[in-house]
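See the structures that follow.
Here come two complexes built around subunit A, the first alongside subunit B, the second alongside subunit C.
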Partner chain A sequence: MRSITRTPPRVILLFLLPGLVGFVVFLAFPLVMAFAISFTNYSGGPRFRFVGLSNYLRAFSNPDFMNSLGVTARFTLWTVAGQLLLGLAFALLLNKGFRGRGLFRGLFFLPNVLSSIAVGLAFMLLLNPQRGPVNQALAAMGIRPPLWLASRSTALATIIMVAVWQSFGYYMVLFLGGLQSIDAALYEAASIDGAGPIRKFLNVTLPGLTPVTFFAFTIAVINAFKVFDQVYMMTGGQLGGGPAGATDVLVFDIYVNAFTNLRFGYASAESVILLLIVLAVTIAQNRGQRKWVSYDVV
Partner chain B sequence: MTSSKYSAAAIVGRLAAAIALLATATIVLAPLVIVLSSSFKDEIEIFAFPATLVPKAPTLANYAALEANFPLYVFNSFKLTAIIVVLQLLTATTGAYAFSKLEWKGRDALFLLYVSSVMIPVQAIIIPQFVIVKNLGLYDSHLGIIAVSIFTAFGTFLVKQFFMTVPLSFVEAARIDGASEGKIFLGIMLPLSKPVLATLVIFSFRYFWNDFFTPLIYLSSPRLKTLPLGMADFASQFDVLIGPQMAASFLSIVPVLVIFMAAQKHFIQGTMSSGIK
Partner chain C sequence: MSIMRRSAAAIMAAALTLAAAPAALAQAAAPAKAPAGAETIILYAWDNEPALLKAVEAFNASQSKIFVSPQILPASEYETKLTTLLAAGTDMDVYAEKRQTDVFSQNDNGFVEPLDSYFARTKADRSMVDAYKDTVIVDGKILGIPYRGGAYFLYYNKKLFKQAGIPTPDTYVKSGQWTWAKYAEVARKIASGDGKVYGALQYVWGQNMVMSSMQQGRRMITRDGKVDIDDTTVAAMKMRKELEEAKAIWSLVDLKVTKTHYSNAFFSGTVGMLPIGEWFPSQLLAARDKGTLKGLDYSDWGITRLPCDTKEYASIGVPTFTCVASASKHKEAAFTFAQWLGGAKGAKVIAENGLYPPIRTPEVKAIFAKVIPDAGSLAYYTEPIKVLPFQFSKYGSMQEQATIKVAEEYFMGKVDDAGLAARLRSAFEGVVSDLK
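On to the complex of A and B.
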């Protein structure tokens, strides 16, 4: 239906402007600028020059940057797997009707609304290598306790655990939404055809969950690539990055290079690489969705 | 078929499910219980083994230790969060109105740009954004944080989806009666959209109350710091006391906890529906 009255441009602009100014000045323009700065040796001062691709070349030959890519990849792999699998498992458990399921649903979602800083402090106390309750309990049971955040071999795994702890409930709720959007008639039809619970799960539940799975997967991967707060908080603040760079994720490396070392050009090249990764994930999701998602089931 | 309900396998299955739920609930709650309980303990009892759930000698000393700086941090956090939430409501609703109830060239293209921008991590554009804020003279001010936070692609999208459910004939009828767009927006659209505005308020509140990255980049003066920044300062100090950390953590959790308890439905349903196309 077309509008019968034409709105004067002045009025349209008035409605649009409050958000549009913020969008252009602090989002769209910086996005373009990030690319531009990445080709310069800009450091915040008035004098800088065009340096071509040298920031990118330097990044890919810099062990710190390559390490941060590897750390981020490992962090992403494990947190995404943990969050999605636990999220799906508990969504399936809580999708059945029983007393107290609303309570569990709310409880598992709760960590997701808390500040990562408070969560980080809580886990730093819990997992304190010498005096924390977890290690004291392990020692009392005769188990040699791990050093958690203080050791090169366990620091990243500890942060992965905390990230999964904080977010699996969010993915659980996403999957619950997906489960509830599956038409109950499909289960009835499957029963009539003689399908057992396993067949129903494979042929009705899983196909019905594909749209939400793609969405959850994309969000989880992008969130994992953005991780910063937990790393900053739990492995030493500004000087952080964990023992021997074990938790030096990509955004942390960008942060240190930009705001401690004032290498804006180089850090912008790193940012552009982060942007390209996120873009690739989004495009892959769109492509995959077209190929795999069966909307007709939902 | 019905006998399967009572079969041994079914009973074992249900038992395993119950154990998994209870064990996970314990793991989810443990860090929160530790925070609350430790905030009322002295340093020795915090690390006592076996740990006590209820403090043997409860103390308020940890909260008293926060007196010097934290009232200001809490005030700064509340002030910033409140201003940003209100401004986000303004930009999201006016934008949503322009995208759903007004017709103009390029509308759908611009909306697509808005929606795509949700995917852009703020961390990836923080350097140019910082340069802009600095050049506008807004570095180390609350205004700088407010400026970079007022646009919300998520909020505009959320409210627009809701506005679309209001029939255009409502709006047309009001226009024929001579109502201005401003009047239709304020008098018809906003009152109808209270539930979605509530969802936006709680999601924004949670985000900005907890936001650490933006204040970390844009603030340096101690008197401007927000609660998460103040708490992070703790962890970077040498020889730091754990008790006050736990007291501050608990204080920072309380507002979101209260909102979560009161509006759990909004959180859960808002999240649930975001995954379904």
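On to the complex of A and C.
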């Protein structure tokens, strides 16, 4: 039998090459270019100049950028909480054996594979303040219907609701995997010790899920920072991010500055700031996991 | 080992083929063949501009020295793709400018060929440039040649006026009463008050928040970076807010979040008045031909002047123009086409397709007579008028975003009447400072 160590390096390289080329062309090179462009006033042509840190300084003194940071932070907080809590709740429910369990698992996961654009468009029609079926149903029941996307106070919450609806199925599947990897003997031992359902959940399930929770939390935070599709579709396209900046998330601000205002240098600086924020949060999470993630419970 | 090598080679070949396929598929539809010996020039335009393509066909058919080959991009991605193509140095001789204010950035980057010397050398007709000199002449240089005029008109639904029992707006124009206050009064009378019928619809663009102020010469931000607002700007927004609260006009936020297009709203027969640009008759014509005019017949609409508070009437608008690419290797031919397109012959074709050319010859008026439903509307549509450009400077797109954002803050109650002027000023000063 051949052994792997006898495979020539050039054959290994040949198989690695497509992935490597893709990584360099579509990830590494654009990253380096974005960083470089962030120090210029590039506007899409050859006549640009080095401007040092002025794009970064401008960002932090720009009320629109600071508003975007705040909106993104609020979006991240509520979306991550919603996705993880709902994901865990449905995973616990669907971990029990009952007829049709597989069908329900599939149904709850289904929104995750739908296009965000299509989901955004669908909810935009459903939540039309005057003519949408949701508000018509609420009005028929005597409930005063909210304005959803047409109000500063409910627009962001509406986007959060749609984002959570679309993605919680993915986290449900992650938690299901985690639940099924917890040793059943631990639950038996807990029963012998007289633990009730809540005690078992707190002292066996939750600790057993900490590795999955850490992974889900990290992914959810990164994805939340990158939100764009729903905001673009549901708040007015290129003129969106409203009303009055209520849903103007950071990636949307970057998009407008780059592709509507042709301020590629400034938009690149915003992108680098976003990257650094996400990196800092991820590093903090990674360091923090030593305190609460247990890999030896299962 | 040889099996592995062959498999790897086959996988690589398949991957490369798949990667090349989208590029091949993305090619524009094959144009008609160029006559032998003709100089071929490449025109970039967007896809819902059929009048321009008809004009290209007419130009190609009218002579055999220059052949225009159109490259069509999706309208929704046109600005982004054009920026990328220009930056990449793609073969391009002439292009249509969809977001007109992009010409400032393109000019700063050296992508636009100034056309002053071409007009001087050829002594070609430049009336279409002079008609819109405040727009296409930047720092003394002619940067584009208009092929579509730009002017806002007031389109109205005769049926709704008849149902409401009030005179149509042209009556007020003739008696000199057609001011913005009268417009507001008429909008309230037409509206049902419950959102089923609106007296008017002012679309989501920035200029539609401050039309009356722009008619009086306010630019919001001048080309040299000065904030240019006054009481008329505040009054314009205040009027809109009051009309929205009375459900006399469609709310800005509602239009955006429901993606309601002004044309569909008007075609449904539930909007009494629509101040919008000169291109609208072509949309009405297309709707008639497609059968999508649901709430009104083709004879049920009319055109008149915008309301105006000044003695001398002025509309607002920006023309649509073509630019000659500075990197073009066929600049003379590109200029010849662009000048033809904006001249009398191109104007005829543009008008035949329901669009408003930059010059209105008697021939053009005769063509419009077949499109515009009544003589009075035709007279207003073709009369020579003063047109003031809106937000046409390097601050253009950011100025528009700032106007819309402040308007939303004001309409939603985040800014009150007393604070509106200061908020507008600070927003516009922010725009100027960002582009320093």
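The criterion applied here is as follows: the second predicted complex is superposed on the first by the 286 of 298 C-alpha atoms of A that agree within 3 Å, B and C clash if a C-alpha of one lies under 4 Å from a C-alpha of the other, contacts with A are read in each partner's own complex, and residues count from 1 in each chain.
Criterion: a contact is a pair of C-beta atoms (placed from the backbone, for glycine too) under 8 Å apart; a residue touches a chain by one contact, two chains touch by 3 or more.
These numbers come from a predicted model, not from an experiment.
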Q: Using the touch criterion from the header, give the chain among subunit B and subunit C with more contacted residues in subunit A.
A: B
Q.
With both complexes superposed on chain A, which partner does A:18 reach: first (subunit B), second (subunit C), both or neither?
A. both
Q. Looking at the overlay, does A:44 come into contact with subunit B only (first), subunit C only (second), both, or neither?
A. both
Q. Touching A:63 in the superposition: subunit B (first), subunit C (second), both, neither?
A. second
(Q) Applying the document's definition of touch, where does A:262 land relative to subunit B and subunit C: first, second, both, or neither? (A) second
Q: Could you say whether A:83 touches subunit B, subunit C, both of them, or neither, answering first, second, both or neither?
A: neither
Q. Once the shared chain is lined up, is A:55 touching subunit B (first), subunit C (second), both, or neither of them?
A. neither
Q: Would you check which partner chain A:109 touches, where first means subunit B only, second means subunit C only, and both and neither mean what they say?
A: first
**Q.** First, second, both or neither for A:205, with subunit B first and subunit C second
**A.** neither
Q: Considering only touches as defined above, state whether A:226 meets subunit B (first), subunit C (second), both or neither.
A: first
(Q) Taking the stated contact definition, name every residue in subunit A that is touched by subunit B in one complex and by subunit C in the other, in rising order. (A) 11, 14-15, 18, 44, 124, 128, 131, 236-237, 259
Q. Taking the complex as given, what residues does subunit B use to touch subunit A?
A. 17, 20-21, 24-25, 27-32, 34-35, 38, 46-47, 49-51, 87, 90-92, 94-95, 97-98, 102-104, 113-114, 117, 119-121, 123-134, 147-148, 150-153, 156, 168-169, 172, 175-176, 181-182, 185, 206, 209-210, 212-213, 216-217, 228, 231-232, 234-236, 242, 245-246, 248-250, 252-253, 256-257, 259-260, 264, 267-268, 271-277
Q | Residues of subunit A defined as touching subunit C within the complex | A | 11, 14-15, 18, 43-48, 58, 62-64, 124, 128-131, 148-152, 155, 234-237, 239-240, 242-245, 256, 259-263, 266
Q) Of all residues in subunit A, which touch subunit B in the complex? A) 1-7, 9, 11-12, 14-16, 18-23, 25-31, 33-34, 37, 44, 89-90, 93, 104-111, 113-126, 128, 131-133, 136-137, 140, 165, 169-170, 173-178, 180-181, 211-212, 215-216, 222, 225-226, 228-229, 232-233, 236-238, 251, 254-255, 258-259, 264, 267-268, 271-272, 274-275, 278-279, 282, 295, 298
**Q.** List of subunit C residues in touch with subunit A within their complex
**A.** 4-5, 8, 12, 15, 79-80, 83-84, 86-87, 102, 105-106, 108-111, 195, 204-205, 251, 253-254, 256-259, 397-398, 401, 404-405, 408-409, 412, 414, 430, 434-435
